[in-house]
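Take a look at the following structure, please.
Each chain gets a letter, A, B, C and D, in the order it is written, and its residues are counted from 1.
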Amino acid sequence: MKVNLLYFGRPREYLKLAGETAELSANAATVADLLASLRTRGGDWAHELEETRVRCSVNQELCPLTAPLHDGDEVAIFSPISGG
Amino acid sequence: MKVNLLYFGRPREYLKLAGETAELSANAATVADLLASLRTRGGDWAHELEETRVRCSVNQELCPLTAPLHDGDEVAIFSPISGG
Amino acid sequence: MSISIQTGDFDLAAEMQALRTASVNAGALVSFVGLVRDMSNAGKVENILLEHYPGMSEKALQNILVEANSRWQLLGVRVIHRVGELRPNDQIVMVATASAHRADAFAACEFIMDYLKTSAPFWKREQTAGGTTWLDTKASDVARAERWIQQGDME
Amino acid sequence: MSISIQTGDFDLAAEMQALRTASVNAGALVSFVGLVRDMSNAGKVENILLEHYPGMSEKALQNILVEANSRWQLLGVRVIHRVGELRPNDQIVMVATASAHRADAFAACEFIMDYLKTSAPFWKREQTAGGTTWLDTKASDVARAERWIQQGDME
């Protein structure tokens, strides 16, 4: 399945990427699985996408890393929010 | 003893008086005693200065009607406060 | 800390700008403005008359601000209370607080309003078609002020 | 209810005037303005960069305002959040509420700020002489937001 990935905050700066379309294996059932898969790219990816460093939303709703993924989801990966 | 009496709010309007110097008998030991003495003037005085209708301050501090009086005190009698 | 009791209107914008300028390294500004409502329990309000106790009103507000400063970290406080005849939608009162953090600015602003309502000597006389009424202290204001009571302070 | 996310500054005076005009029979106006502080844990702040998630940020603020309206009697709400590069003492965010009574106006304004801090997708990157840092969510903000949690709402 495919998801539309967006990056914000620290990962967006350090990975030098605002977004991408990710093709996931059927095993990547949750955001945590997606992160694990992205970390295999190594280097900054392994470091910046550690579970304790990131938060996520699926289809523009904040959710835990255990949130399930479905084909076509808009998934955003970001550092802890700090607005206001 | 003498006290400087001020009226504010409803009693000031209905008694048509902003203030006066009151000569009190030694029996008028508290604000409540002072009010009782003023009510003997009758008419609007008896009505407007009923204990449930008024609040008071002595020397510009809010206080209960049981507050003691001393010679030269500035005593204000007023309706419940309602600013802001 | 600055207090004004005045018949004239006030300019919230100018007051907030002055507070912001005077409050170095403030991170949070909170303001409250109270307006004359055009409907009351007695019907359509034509005007209100605001009376105060000169001398005591300034002192009472000053005491409230001293207490607020002792409870919260404030960088600035401004209070303006109007007196005299006011009409519906007119501004009556303004309380503005500046602090490094919003928790302090919010709490102090609410505290000042709650105590002002119940312990500062101001009186409102409301005029409707049915005549004039001196308003009573609201029970809800008393209850709000009592939330702030701590052992040993402001009896 | 009106929300803006913008790079430009805002005029608190004009916003409050507009809110007051639009909020018929309001008795209470409360505003909060958040400013860039010039000192942080990392030292003297040179600037901050505010990033957001276009689409989600508006939606998140809208959800917070809907929830505030369901909890309190509000006559008007205005939220402005700036994005882009800001300097010390610049305005970052404004929340203004109008209500018949101040309890509702105060509570809603604080609630909106507490939820905005913890659930709206904005990020701050602070620049000091030591470099840049993406700020973390403050534990105190999380604690403040949790005060509002009621059974059955906003999980």
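Just so we're on the same page, contacts are C-beta pairs under 8 Å (C-beta built on N, C-alpha and C of every residue); 3 or more make two chains touch, one makes a residue touch a chain.
Everything numeric in this text was worked out from a predicted model, so none of it was measured.
*Asks:* How short can a path of touching chains from subunit B to subunit D be, counted in steps?
*Replies:* Steps on the shortest route: 2.
*Asks:* Quick check: how many Å separate the C-alpha centres of subunit A and subunit D?
*Replies:* Here subunit A and subunit D have centroids separated by 26 Å.
*Asks:* Using mean CA coordinates as chain centres, what's the subunit A-subunit B distance in Å?
*Replies:* About 73 Å separates the centre of subunit A from that of subunit B.
*Asks:* Counting in whole Å, what is the centre-to-centre distance of subunit A and subunit C, each centre being its mean C-alpha position?
*Replies:* Subunit A and subunit C have C-alpha centres separated by 49 Å.
*Asks:* Could you list which residues of subunit A touch at least two other chains?
*Replies:* Counting only residues that touch two or more other chains, subunit A contributes none.
*Asks:* Specify, in ascending order, the residues of subunit C that touch 2 or more different other chains.
*Replies:* Within subunit C, residues 34, 113 contact more than one other chain.
*Asks:* According to the definition of touch, which chains form touching pairs?
*Replies:* A-D, B-C, C-D
*Asks:* Residue numbers of subunit D touching subunit A in their complex, please.
*Replies:* 34, 50-53, 55-56, 59-60, 81, 92-93, 113, 116-125, 134-138, 141
*Asks:* Touching subunit C in the complex: which residues of subunit D?
*Replies:* 11-14, 16, 20, 25-39, 89, 100-103, 105-106, 109-110, 113, 140, 144
*Asks:* Spell out the residues on subunit A that touch subunit D in their complex, using ranges where they run on.
*Replies:* 6, 8-10, 12-13, 57, 60, 62, 76, 78-84
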